[in-house]
Every structure is written in structure tokens, then in C-alpha cells.
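Can you read through this structure? Questions will come right after.
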Amino acid sequence: MKVGFIGLGQMGSGMAGRLLTAEHALTVFNRSPEKMQPLVSCGARAAKSMRDFTDAEVVVSMLADDSSVEHVTFSDDGLLKNLPAGAIHVSCSTISVALSARLATAHAGAGQHYVSCPVFGRPDAAAAGKLFLVAAGLPNVIDRLRPIFDAVGQRTFVVAEQQEKANLVKLSGNFLIAAVIESLGEAMALVEKGGIDRHSYLDILTSSLFNIPLYKNYGSLIADRNFTPPGFSSSLGQKDIRLTLTAAEALSVPLPFASILRDRFIALAAQGGETQDWSAIGSLAAQDAGLA
Amino acid sequence: MKVGFIGLGQMGSGMAGRLLTAEHALTVFNRSPEKMQPLVSCGARAAKSMRDFTDAEVVVSMLADDSSVEHVTFSDDGLLKNLPAGAIHVSCSTISVALSARLATAHAGAGQHYVSCPVFGRPDAAAAGKLFLVAAGLPNVIDRLRPIFDAVGQRTFVVAEQQEKANLVKLSGNFLIAAVIESLGEAMALVEKGGIDRHSYLDILTSSLFNIPLYKNYGSLIADRNFTPPGFSSSLGQKDIRLTLTAAEALSVPLPFASILRDRFIALAAQGGETQDWSAIGSLAAQDAGLA
Amino acid sequence: MKVGFIGLGQMGSGMAGRLLTAEHALTVFNRSPEKMQPLVSCGARAAKSMRDFTDAEVVVSMLADDSSVEHVTFSDDGLLKNLPAGAIHVSCSTISVALSARLATAHAGAGQHYVSCPVFGRPDAAAAGKLFLVAAGLPNVIDRLRPIFDAVGQRTFVVAEQQEKANLVKLSGNFLIAAVIESLGEAMALVEKGGIDRHSYLDILTSSLFNIPLYKNYGSLIADRNFTPPGFSSSLGQKDIRLTLTAAEALSVPLPFASILRDRFIALAAQGGETQDWSAIGSLAAQDAGLA
Amino acid sequence: MKVGFIGLGQMGSGMAGRLLTAEHALTVFNRSPEKMQPLVSCGARAAKSMRDFTDAEVVVSMLADDSSVEHVTFSDDGLLKNLPAGAIHVSCSTISVALSARLATAHAGAGQHYVSCPVFGRPDAAAAGKLFLVAAGLPNVIDRLRPIFDAVGQRTFVVAEQQEKANLVKLSGNFLIAAVIESLGEAMALVEKGGIDRHSYLDILTSSLFNIPLYKNYGSLIADRNFTPPGFSSSLGQKDIRLTLTAAEALSVPLPFASILRDRFIALAAQGGETQDWSAIGSLAAQDAGLA
């Protein structure tokens, strides 16, 4: 398949690499061109702009936020103007429910297809093709994407035809992960102040009821107080909780845990922690408790 | 070993049954005597009071709350007066950090030993000898208890000599479980109001990042709105969060998630839900969102 | 002075009436034209569009939200295109800090002046010229507005040259009022469930430490469970807390009380309360406590 | 009237002084005897213990917490054993609802009377006889206390016969005050980070909608960052919120604002602020926002 890929950050580079490995004809685009080099040296073509996607069958975008996706899609030389009729834009970015709905309408209006397909997993999972994909779109369009999904993910969950629902699932999932981080941060602050070593404590948790990588990995980061370099930055985590709360307000769903998380990310930002890993909010309970 | 067992609720009955199976000489006591019958018919002796424990080597207590443990220990015909010197009181109940410290002092003053050993697991795990045990006490005393621990648990974590630390770990663990329940309740309310089936949603979660019984079991209870009969009652959950917050205040550790949980349990009690399973707090986000 | 007035809701009608009484030459505009009638019958001229403001010295706008103010200002026949150079747009609406900053830039670019002047007070205060005004803008421009301010307000506080700061003060003030409502709601739920009449309780409060109309008026609405018709609707209150939280996030200020208020307004909306007075959030604590 | 007074802290000294001025025959008691000196030099008699109250008609106690009141009442040489039949114990301390109920039962059992009469006001109001009193007890007993009430307070609110209800009103009132402190702290942090001087801001608030000493005084303390010496210590404020939450849990009333306040006091204690004025929690929002 002729595949385009936009956005070669930590996640996108890994995903694009998997597509190359799966022998798709890959054209990549990134705003900072130097990031295209490693993929080009493995056989990808480097696009100069969206105008190089006029013969693509599928373009996957994996960008940081709404405004990047808006630019790539709606700008004068964006996907809407350049993708051929019948081509598919697969948006893997974690964006707002509202933007996803807008993309669905716009691409349909341009005779193109739009599939929303946010992913779960950190950069190492992206590079290993082990992401979990949450897809929403027309069934026959999704069927055409199976080779793509299989190349980048270990499993794809199709949740709905209505594309924005995949984004809601993704946001709610990031909320759940952030809730794990915060709850671990609070529990560790409590036991540490009670005289218990936080690594030993984490070992008890993850050897018994909480025996999954999620608790092990984030628990270790918190116990180690090791938040740089980020696997997923706090500013992106803050953005995701913001988008979760915005979606929740639009649907009239109060989310008290999410409100706490919001304040945590803001407090972390206020002390300059935006570039730390988002698990750094898991150190704030200890800080409030007067621990180093 | 001559073992006494006090408290034959859902958890205690299963644990005592495991001790019988392991061929310990078991004497059981329960306030409501009819609950002793099944164990007696399997070979246990029924005690009439704590006075029947004067020759016990170990007495295990598994009771609902601080006041029950206080009564069993400090009352005129309680363990302090009746256990022989050198015998061990193993408290498996989820009690306050403060009471655990008080038990340690009192038993030591009476020439007896005290080991704190709260457990993780629901009634089915107790009956199957699959509990996780968190033990604290003098190492040589804990060593003597290995046959007991092996009979009732799949693994024992020894956290400290100071007995109350095991209780802090247990309380923090129940806090973490309650946080899982609440976060699932919020996430499900959000996606359900966004038009996504909550069972399908749970399946995505537990097939990907949240692939452990904890999320599966509590997630199912919440998705099914199935809170009776309780595996662990809401009133006990409320008690545990109260004890967690009390311990946290004594240690000067603010716990914002725990405060939210406290309000959830109180709101559930206000609508008569004390006898539901504690996962019923996971339905309150949906209720606040105007879902049935 | 030749004054235009846009937006004849409950607040705007009262304010415009005061300007007429003060013998300003008043031209009014409202999207629903029938609301202009009472003022026209008192001597105001009715505008058909912003194009009727081409000779105005001052135009005051008092609208419900950001999108209304954006429309009135930036649309093709909006103020930017129609106000003469040197004229002043006085925005009294409770709008976002970000929009206020944008208005400042846009009007300056068009050779016009912009003064931000949100107000405190409910419709009865507007009709009586008893509002409190919070103004920000260039000092010499503000000086020219004194006759306007004196006609509609009992006192004007000039907070800064930078216009958006007045909006921040206004939003923070509405947050403070909402916090009073919520705190009264919680306190009344507590004492009522403890067997104390809530009207007697309110009388104690407002006869002692809380002896101001704010506590009396909102306390009465809560004690009476009387939330319709609204003096200020819950949907507007929700909007103001949203704008407060947005401004706070932009400034990296965590506001835990505001987060609680956010959830309250969302819960109220989920049960269909958007058109009630915003003091209706003061009934939610009672509801959570199982009171009627 | 023969009046005894127990507890000569900042509040009690002022109140006892007022009783002397009103020409009551006053016997005072304080654990640290040196605090009795100023009152003795004005004509009071110094008691050596509760045994000096065997001929008192009324004994007023004004102590720091439950345990002090328990000691004074229930200890071997306490009021229960020493007050004559028919005498009245007036408890002005801010104590738990549960202890107040227990005092009512105990004094009734001893043929004595018990009136609960917590007060609102800071030390200066106590010294000036300007307290607000919230009384509960039997009407004919309360009638006998009018001269006492008139000497120490500017107004007495009789809320119920059941004594503990006065304590619930008092606790809820302290909750409301703490909510004012927190809301001012959040609002000031927000506007300060937005570039507005916090003293000017407070002036706007207290010249308009929030024109009462409560907002002025606490607002000034927060704006001045001036928390020592305390008028009312943070550890006492923390105690009062704890008692409020305990009463609320017993009545099944969720109080989200009170939960936030609880975490604030704990965080303040964790940084060593227990001896600051309780308004110091009003500086924590600024701290979380990264302001000095």
C-alpha cells in the first residue's frame, strides 16, 4: 500500500519504522526534516509537504496536539486539499473529541475517508509494533487498514463507526493511567512517611494484586524519583486531562478524580515540571507531605 | 500446632478451613455460634469463650473492625488475660494503625507475642488459600508462623518488625483498590454517556493495559451494576478509607484521592448502600452524570 | 454623550435604563428586537445593526458570553468595522481573559479604544444604578467614561491599564461568590441532617459573622430551595467557572475549590438544572446527603 | 452568681475578665497557674482544683479540645464529682458533637445541668464582650444563664434543647470561615499571578460585595502573609475541620469543600505550620502556583 506518515516524534518514528519493516511504500513527513533521515536511510521517501501525498492511499498522522493536526489537515497545503478522493486519513494523535468530529465531517465533505485510531503504549511499544489501537470509522474503510494496524499494533479494538468515540476511549484511558500514577503517589507518600521503604512497598503491590507493567513501570519511576527524560511529557499529560475534562463537560459528566489530576499537572507546571515525565505528578503527594 | 481462630465471617471461615485442611489442631470461636458448625463438623473444636485458648500456641483473629478486636483482646475474658505466656496473637483484621500499636504494647506487657498480618484477597481467595499476607513482627516469632501463613496464603510479605507498619500497608492497599473502583466508575460514566457500551469498553481495558483480575472483577461489577450480595461491604470500605485518612492525618500526609473516596462512601451510605459491595461507589459517577 | 448599548438582557436593560435617566443620547441594539421597545418608549433610539453606531462616542456591550461578544465585534458588520476612530468600546460582559486581550489588540489596530469593565451585582442592582464596576484601560480613556460609570454603578474600581486584568478580577469574584454558595450548601446540609432548621441556622449566620446581602440572599435561595426564575442562570455560572479555570490553567494556578464548583455545575446540568439560578448548586450537598 | 471559670487561654481570659467586670463572684482555674494571676489581681479567686467548685452555681469551661474537656469533667477530681446538684456546666469549648452528647448524659446522671455554648469571635471580641454565643440546653436552665451570656457576648442564639446541636452549629460555622480563607487564598493566588496587587484586589472585594470584618481581617492576613502570632492556631483549625468531618460522616453528609480544607491543614502541618494562624492555609494556593 502507498502509505504516508506525518509526525516523527518518539511515537511516530517507531510506528513508521514498523510500516517500513512491513514493506509498505512509505512516504514520511516531519516539520523538522532531520527526523526523517533515519527512515529515509531505511527506504522511506521524504515528503517536502502534504503536496507529496496526492497519490497516497492512506496517510497516518501522529502529532502532539489539536493545533498540529488542524494545521496538517486544514491549512492551505493540508491533507484536505491534497489527499485524493477515496484515500484514508488515519489520525493516531490524542486529540479532542470535538476536533475528531470536525475531521470526520471535513474529510467526508472532500470525498476522503477519516478513521480515528489513537493508540496506547509508550515509545518502546511503538518501536516493537506492540501498541494497542482503538479504531473508529466505517467498517469497510477499517477493513482496508488491517495491514497497517497489524504492522504497528499487537491488537486493534474497533469501537464504533462514529470516529470521535475512539478519541473518547483514548482520553478516558489516559485518565485511568494518570489515576494510577496519582494513587501510587499518594500511597507511597503515606507508607514512606510511616517508615516503609517505597521500593519494597512497590514490590509487594506488583507481586500481588497489581501485577501489570502499568503499575510496575510507573511505580518504579515514582519510587526512583526519576522523571527525565520523559517517555510521555507532563505537558502532554496535562493536555490529555484537559481534553478529558472538556469532553466530560460537554457530556455533563462530573469527574472528581480528573479534577484532582488537573490540579496536579498545573501544580507541576507551576514548578517548572512540564518537560518531566507525566509520572512526576506522582511525586507531589510526597512533596505535600513534607518529604524531600 | 495448637491454633485458635476467632472470627468466622466470610474471610475467617475460609481461612480457618484452610488451617483444618493443613491438619492443625484448631479451636474456633465466633460470637454467633452457628457459624462454628461447619468447621466443627470438619474436626474443629468450638470454644465457648477466650478462656478456651489458655493452652493455644497461636490465636488468629479475623474480625470486622477495631471495636471487635479491642473486645476480643482487652475485655475481662479476652486474649490478654487468657493467652499463655509465649503464645502469639496474629491479628489479620484490617484495623487502625493506632490499635495495632496498642496491641503490640499490651501483648508484650503480658509476656505474649503479637504479629500483625492483614491480608489481601476476597472470600474466594481465602477459601482457596490464595490470600496475600502482609506481616510485621519479630523475625523469630514470624518464623514460627510459617506453617500458618503457608496454609492460608499464596505469599507472605514481611514488611517490618514494628507491627503497625503492616496495617499501614494494608490500609494503603485498600485505598489503591478503592481508587481503581472510582477511576473505573468515572471512566465508564464518561464513555457510556458518549455512546459506548460499558462492557465493550471494559473488555478493551482489560485486554490491553489493565489485564489483571482487579480491573476485570471490579470492572464487571460496575458494568453489571451488580452490588449484592457484597464480597466486601461498602460499610467496611468506608471504614478502611476512614482508617487510611486517620493514619495519614497522624503522619501529616494529604491524600486528595482518598478524600474523594471518603465522600463517595458517605454518599453511598446516605442512599442506603452500606450493605452493597464496596464497588457500588463505582456507580456514583454515572448517577451524578444523570445515567440511570 | 452619544452612547450605544448592545445587549438588553436582565442586566443590560437595567444599565441602559440608567443611561437614559442620566440623559445620555442612547441608541440601543438587541438581537431580539422586542426587548428594545421599553427603552425606545423612554426615549432611546433603536439600532438595526452595528452600522447605526458609526457616529457613537461610546458603545457599551453587555452580552452573555464570548461568542456573542466575538460576533458583535468581529463580524462583517461588527463594531470593529463600524465604530469611528477614537470611539470607545466598553465591554461589560463576563468574558474570557483571552478574548479581552484579543479585543484590546483588535480595537487598537482599528484606531478605536477598548475598555474592559465587567460588573458585580444582580439585575435589581443594575436597574438601580448600584453595580460595582471593575475597569481596566488607558487612564485618559477611562476618564472620559466617568459619566457612564456614574450612571450605572455605585463605585468603579480601576485595576490596571491592561484590559484583561479587569476580566480576571471579575472571574475571580464570581468564583468567590460560587464558593459562598457551595459552602452554605454544605453547611446547611450538615446542620439540617443534624436536626436544625435551615432558616434558623441562616439567621444565626447572617446576624453574626456573615452579615452581608451576599450570604443573606444566596442563603435564602438555598434555604427556600427556590431556584426559578434565575437571577443568574446556572449555565452562566458554569461558564464563569470554566473561564476561571481556563485562566488559572494558563497562569498555572491550581484551584481546588474551583474544581469542586466545576463538578457541581456539571452535575446540576446533568439533571437538567441549567436554567435554574446558579445558587441551585447549593442544593446538591443536601441531595448527596439523602435529603429531599 | 457564684461562677467558676476553667481555661484561661486567649479566649478564656477575655471572657473571665468580662464576668469579673459584670461583678460576678468569680473563681478561676487554669492548669498553668500563672495565667490566673491577672484575674486574681482584679478580684477573682484562684482555684487549686475542681474541688474548689463544690459551691458553684455555674462553671464555665473554655478549653482547647475534647481531651481537656474530658479531663476536667470525668477525671477523679473533675466536675462530675465536685459540682453540686443543680449546678450548671457551661461548655464553651469547640468540641465534638459526640463528646457534647456524652456530657449531657453524664451531667444529667449526676443531677447537674449541662449547657453547650460554643462561641464565635477571636480573642479581641472575647475581651470586649462582643462574642456571638450559640447555646443549647433546657430553656429554664438557659434562662438562668442570661447574666453570664450578656456579660461575655453581644448576642446569644439558642438553637435547641439538645445540647450537641450547638456544637454542630459551631463546627459548621468554623467550616464556613475556613472556606472563606481558602477561597480568598485561591482567588488571590490567581489574580496575583495575573499581575494584580493582592492588597488592591482585597480592597475591591471588601469595598463591594464582601464588606464584612471576616473577609477584611482574614484577607489582610493572607495578603500580608502574616500568620504569627496566631489569633487561632492552625492546629486548632485542623482539629475543628476534623470534628466537622467526623460529625458529617456520622450523619452521612459528604462535604467536598471540607475535604479540601482537611488536606490544606495537613499540608500546612507537614511543613511545620501548626503554630501559625489558621489563615495560613490561605497561602497554600499561592505556594502551589509557584509564588513565593
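Brief remarks on what is shown
All chains are identified by letter, namely A, B, C and D, in their written order; residue positions are counted from 1 within each chain.
Simple rule for what comes next: a residue touches a chain if its C-beta (ideal position, glycine included) is under 8 Å from a C-beta of that chain, and two chains touch if they have at least 3 such contacts.
Computed from a prediction, not measured in an experiment: that's the story for all the values here.
With centres defined by CA atoms alone, the chain at the far end from chain A is D. By number of C-beta pairs in contact, A-B leads when A-B and A-C are compared.
Distance between chain A and chain B, defined via averaged C-alpha coordinates, is recorded as 38 Å. Per-chain Cα centroids separate chain A from chain C by 39 Å. Residues of chain A found to touch two or more other chains are 248, 252-256, 260, 263, 267, 270, 288-290.
Interface of chain B with chain A (complex): residues 97, 120, 132, 134, 155, 157, 159-160, 162, 165, 168-169, 172-173, 175-177, 179-180, 182-184, 186-187, 189-191, 193-196, 200-201, 203-205, 207-214, 244, 247-248, 251-258, 260, 263, 285, 288-290. Across the complex, chain A is touched by residues 256, 263, 267, 270-272, 288-290 of chain D.
Chain B contributes residues 242, 245, 248-249, 252-256, 259-260, 262-264, 266-267, 269-270 to its touches with chain D in the complex.
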